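For reference, chains read A, B, C, D and E in written order, and residue numbers begin at 1 within each chain.
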Amino acid sequence: MESLEQIRERLLARFPDAALTVIANPGPAGQPSLLVGSPHAASIAAFLRDDPALRLDYCSNVTGVDWPDREVVETIKRTVPPPPPAAPADPSAPPVTPKVIEEKVKRHIPGYFEVVYHLYSMALKHGPVILRTRTADRTDPASLPSLTPIWRACEFQEREVYDLFGIRFTGHPDLRRILMWDEFKDYPMRKDYVEPDDYEWEPTPHGAVLDKARRHYPAPPESR
Amino acid sequence: MSLPGQLSVLFPLASGLGASSPLAAVLPASDSALERLPLTLRGLLTGWLPASWQWLANSLIAIVVLIVAFASLFALLTLAERKILGRVQNRPGPNRAPLPFLNLRTYGLAQPVADGVKMLTKEDIVPDGADRVLHFLAPIALLAFSILTLAVIPYGRLLVALDLDASVLFFFAAGAATELAVFMAGWASRNKYSLLAAMRALAQLISYELPLLLSVVPVVLMAGSLSTSVIVERQGEWWLGFLPRWYVFTPWGLAGFLVFFVASLAESNRSPFDLPEAESELIAGHLTEYSGFKYALFFMAEYFGMCALCGMAVTLFLGGWQAPLPFLSFIPSYLWFAGKLLALLGVFMWIRASFPRLRIDQLTRLAWKFLVPLALINLGTTAFWSLTADWAGLLQPLRWLIAAGLIAGPFLLLGRNLSKGLGPRTYRYAA
Amino acid sequence: MTTVLLCLALFTVAAAAVAMAMRNLIHSALLLVASWAGIAAFYLWAGAEFVAFAQLLVYVGAISMVVLFAVLLTRHSRLDFDREPETRGRVRLALFTGGAVCGVLVAAVLGTAPSSVPAAVPSLTVRQLGLALMGPHAASLLAVGVVLTVALLGGVVLAASARHSDPEDAP
Amino acid sequence: MLGTGLLQGLAVTAKNLVGSFHDPERYVTMEYPEVKTKLPENYRNFPFLVHDDPKDPLGSLRCVACTICETECPPQCIYIVMDRDEKGKALKRPKVFDIDISVCMSCQICVEVCPFDAIKMDQHYEIAETNRFQGLLLSREQLSKSNAYYHQLHPTEAAAVDALLAEQKAKQAAAKAAKAAPAAKPPAPAAPAANPPPPPAPSAEAPKPPTPPAP
Amino acid sequence: MTSPAAPSSFPSGLPSSPGAHVRAVHDDFHGDLLEVSMGPHHPSTHGVFRMIVTLDGERIVRLKPVFGYLHRNHEKLGEQTTYLASMPYTDRLDYLNSMTNNWAYAIAVEKLAGQAVPERAEYVRVILAELTRLLNHTCLAGFLLQDTGCSGTPLMYAFREREKILDLFESLSGSRMMCNFQRFGGCRLDPTPEWLAAVRQLVDGYGRFLDEFEALISGNEIVMARTQGTGVLTPALAISAGVTGPMLRATGVDYDLRKVDGYGVYPRFEFRVPLGAHGDTYDRYMIRILEMRESIQILRQALRDLPAGPILDPKAKNRGFRPKPGEAYGRIEGPKGEIGFYLISDGSPNPFRYRVRPPSFVNLTILEDMCLGQTVADAVIILGSIDIVLGEVDR
């Protein structure tokens, strides 16, 4: 199978104005992924499925990922030019090495929702090619293009992503909640999901459970 | 002891048991004491009564004996069914029910007692929308008609409760009325599933009524009479001195027996055809809204129906109370009948333990496209058989061959047509 | 002996009468079946075993099913019986037909000689019945046979034609 | 020919029916209350704490209340409070060691991660209690069982653990002896009094690969 | 529960099932459609699963599966506990095959952390996975026949054999069904010679059991009548719907992860992959029986050349395991199909995103397509032939 970069080149040739970037995978797994812009996602997916060289006819896995806003503290090494020599340059003095200082720069990375598709080919027995589609930000009417019209396998899995993450899939034939009951309002898998306070007393409260216990019982039950 | 004509017809019970029916005179009643035991016992009980009261007492005794015998057989059958099903599945079956007051473990013999008490004490829920009268009447009607069918089966040389001239017709007339009771049960429960299931059960009962009747006609044709005791008498002779001339050992008889057996399986809602109470479909079918003792009555009626059909199969094809070998006829006739009946009931349970269930359309297709044509062809073969009864020595095997061919041919043809497109498959492996 | 006859007659007539008066269609159908059973009992009383059991088998077993299925499958809820207005013409017509039927029945009852001792009942065996049917009455037996087969074939054709409108199994 | 498959099926059920009377292979029911299954040695159900000398079950617990098992336990059903003497100095003993049996799924992760072989898996499965909280909350007293009981449950594993502990104790004794010997020669740089063997660093690297038990 | 939406009119691009024409014919709802809800307490829906079936007379016109009754948000739990603590939870996914769930999770984490696995552990993993495949397919054959109404006989035979395998798991890992046996970099315990002898004895006896089982069922005319031709699945629809495992191979598509990915030491064993031709319920049943026979061959070869050596990689770190940031998707050929774990790590002891790709959940997508035009009795068998376990479907 050709590498992700070659695939990206061919896709750019085919869809010149599509936003395609390769996301490296730092871990040892060696599975880089291809970030696809929302407007062209469906047509790119159809191309990947029908292209004779790739034939990615099997969408194995659809995963929703919630990337919250992050404060990334980066230490940047900056070389500070030596202060202008007060005394005239005296060749004998050891050359003043430029001072290297590390600065802690706090960078704010905006969060977003992301859906990851693992594509394989049953015809040519190769894969995976990993597609990623991202929303601009984490505001609620998050919506992404649905790939169910291309791979029927995404039908239930996209409904699950909608059910647990709240990402509406445009073009999905039957978008309803699949695991939670229909009247459930919130989206449980989001990082900022607050669990309902249905705490049930446990005799061995410690750690997170202890805080909940304190909210319900001023003093933890007969602290032994 | 001739009775006014109408009465003897209306209550022929007395005439039959009174051994005054024309038939008894003809037969050399083997007079071993054991053989006449039931009659002597009955004589002790009712001997001192004046003649006119005697036939009433006799008929009452007959009724009581029949009901007690078959009710206890029902209790034992439920236990035997679960024991055989258990043993087939490598497990013991019920063996923990202790006798009421002493905790002696009785290998399950107390299980029917326990079931009976459970059924009696269970609350009898009647859905409020239900039609009370019909809901109450359905199990009683079903049980009544099933018990009626038990009257005409000859249990021993002289032990037939109702020796009618057209007893086979009486048997099927009473059997046909059970559909009415099934409909009442389904309709009275006022529940969409039980009505749907009652319809399917009726479709099954009606479509298997035909092969049941058609498979009996050859026997009536060969025996020359509709009376069950005459039919059993006809099967009394021996071939070559020791082979019993039971009808099942003739080609048309075997085919008739198989069709009768399959049809009776369906008629009593047993294993491959137990669609009405298939748990994987419409829960308990038309019995969904019944609980407590009414459900037990339905259960009992099913077993009575099964015993009646098995009894009739034994009477028509397996030589009723005839002994299989001449020198064995010292054993009393009613024991032979009981043995054959229990054997056939055992085969019923064996089949229940082994086969999956047929779908409603396959079930009716089997009846209309396989059993009915086969029964009709069997009728033709029997006609050929009876016409060629007097063929001389060498022609006899030819007669057998022709009869066997007349049955085997259509059986194979219809079988292939029935399982068109079905068959064991061979599978390829990936390169 | 007449007591048995009387109570049988009473039972049959009562069943038929109540059947007409019942509001619930299924109950009236079942009572109709009960009256047929009453007629079968008549045959038994008259000593005709074979005909009694045939009646029981055919009517109580099969025809009752046809009636009940018909009652079930047709829409019969109270409201969609649009009652025509009772014009004078209809009332007069109803009275006329009712009267005619009553007249015939009454004539038949009066015509028979009352309380004649029932003639000795010929005890017929089934074999003689069969021979009679196949002998002198063979023609009528064949006619009945033809009618039945035609009815059966008609049923099959109807069922088959119903099949084409909505295909039963997947192609 | 129609029906041969059915007859084959009947033959199989008949073979099983007859077989169930003489062939133990075809009669598998074990009537539970009277006949109990023989549990394999590796069978694990709920944990228990091992103590060394039966005379003082709570004092000689191997557990040093390092709370590794409390953090590693997936359903978080262990609750440990370290014992402190009057001056507040931590004693290497749990004052409270509760396991909520109704939450524990006996996955034996606590046994795996315990560096002191203080907690092992028990084999009793008949636990029916009337009260969910008092009944199914096993405290230190109920959990503590003797090493002999451990030997009885898992013989091979217990033997291996004992060998390992004995070897560790010998190593520590040798190390102490080695430390005490040089201290005896140069008395001046008196080594601090041999304090109790320092608890091995809680984050022991690889969990001690449990020696292969023989089932 | 809102009433199910109008029948989903699928975009024309997707391959359709043979029964699809039924939906087209009956889109105009003339009054006498009967809506039946089968489940969630129906005796033959393997666990808490509900099907809202719309019947036109006896034939199914629409079927909406409703599940989620067993949903406990397994993936959120995975994000809140460490990598090692998630291992016992993977037993609870497909609670019939805990060994293969563990292996799939272990493979994903090993791929995430680049962890090596010693030879002996790979062979033990193959032995345990093939034993689990035997166990699962035997269970399926038993349940499938139970749905057709066999009053329990095949199910009891299946469970008799399954108990033998569970006893082996119990004597090895300590628990029959919740084994929690695999670790990142090998297995938790080393099987002893007695255990291996017991496995060899079981494997030798299994062929006889399969012959007896097939004699009871495969040739049975009633079973053939009930299952041949029902619930047909076309290869194109199967591939597009992401169906994997025996269900896919029953339609004739040659895709077995043991051959395609060649994970573990499977390439060293020579075994065949059976393929069906009709894609109906009978094929799905027979493919599983033939796969069991292949598993016996694999077990024999694995037992024959099981090498000595460590069972757990000495450098393996299970407690306090902190993989470097990155992501990985590991998958294996579970008995029910491709079971995969997708892990995103951010360097902390808890995974950032822990995703399970359950085979039963995806295989359920085409339940409606296979049931269109069939009767209610068939819907029960078709559901049985898909072989779902609700612990995995609902997660």
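Methods note: a contact is a pair of C-beta atoms (placed from the backbone, for glycine too) under 8 Å apart; a residue touches a chain by one contact, two chains touch by 3 or more.
All values derive from a computational prediction rather than experimental measurement.
K.L.:
Work out which chains are contact partners of both chain C and chain E.
P.N.:
B
K.L.:
Measuring from the mean of all protein Cα atoms shown, which chain centre lies nearest?
P.N.:
Answer by centroid distance: E.
K.L.:
Select the chain at the greatest separation from chain D, using centres from the mean of Cα atoms.
P.N.:
So the farthest one, by centre of C-alpha atoms, is C.
K.L.:
Could you work out which chain's C-alpha centre is the most distant one from the centre of chain E?
P.N.:
C
K.L.:
In terms of C-beta pairs in contact, which of D-E and A-D ranks higher?
P.N.:
Per the contact counts, D-E leads.
K.L.:
Would you mind pulling out the distance in Å between where the CA atoms of chain B average out and where those of chain D do?
P.N.:
Comparing mean C-alpha positions, chain D is 63 Å from chain B.
K.L.:
Could you put a whole-Å number on the gap between the CA centroids of chain B and chain E?
P.N.:
The mean C-alpha positions of chain B and chain E differ by 46 Å.
K.L.:
Cα centroid separation between chain B and chain C, in whole Å?
P.N.:
Computed from C-alpha means, the inter-chain centre distance equals 29 Å.
K.L.:
Cα centroid separation between chain A and chain C, in whole Å?
P.N.:
Once rounded, the distance between the two centres reads 80 Å.
K.L.:
Which chain B residues reach two or more other chains?
P.N.:
88-91, 353-355, 361, 419 - these are the residues of chain B that touch more than one other chain.
K.L.:
Please output the residue numbers of chain C that touch at least 2 other chains, ranges allowed.
P.N.:
Nothing qualifies.
K.L.:
By the touch rule stated above, which residues of chain E touch at least two different other chains?
P.N.:
153, 157, 160, 216, 219-224
K.L.:
Using the touch definition up top, name the residues of chain D that touch chain B in the complex.
P.N.:
Interface residues on the chain D side: 1-3, 6, 9-10, 12-14, 16-17, 19-21, 26-29, 31.
K.L.:
Residue numbers of chain E touching chain D in their complex, please.
P.N.:
Per the stated touch rule, the residues are 81-82, 84-89, 91, 153, 157, 160, 163, 167, 170-175, 178, 180, 188-190, 192, 194-195, 212, 215-217, 219-224, 311-312, 314-320.
K.L.:
If you look only at chain A, which of its residues touch chain D in the complex?
P.N.:
Counting only chain A, the residues touching chain D are 201-207, 209, 224.
K.L.:
State the interface residues of chain E toward chain A in the complex, per the touch definition above.
P.N.:
Of all residues in chain E, those touching chain A are 1-2, 5, 8-11, 13-14, 67-68, 71, 73, 75-76, 111-114, 237, 239-244, 253, 255, 260, 323-329, 331, 338, 340, 342, 344-345, 353, 355, 357, 361-362, 364-366, 394-395.
K.L.:
In their shared complex, at which residues does chain B touch chain C?
P.N.:
Checking each residue of chain B against chain C gives 4-6, 9-10, 131, 133-134, 164-166, 169-170, 172-174, 176-177, 179-180, 183-184, 187, 202, 206, 209, 224-227, 361.
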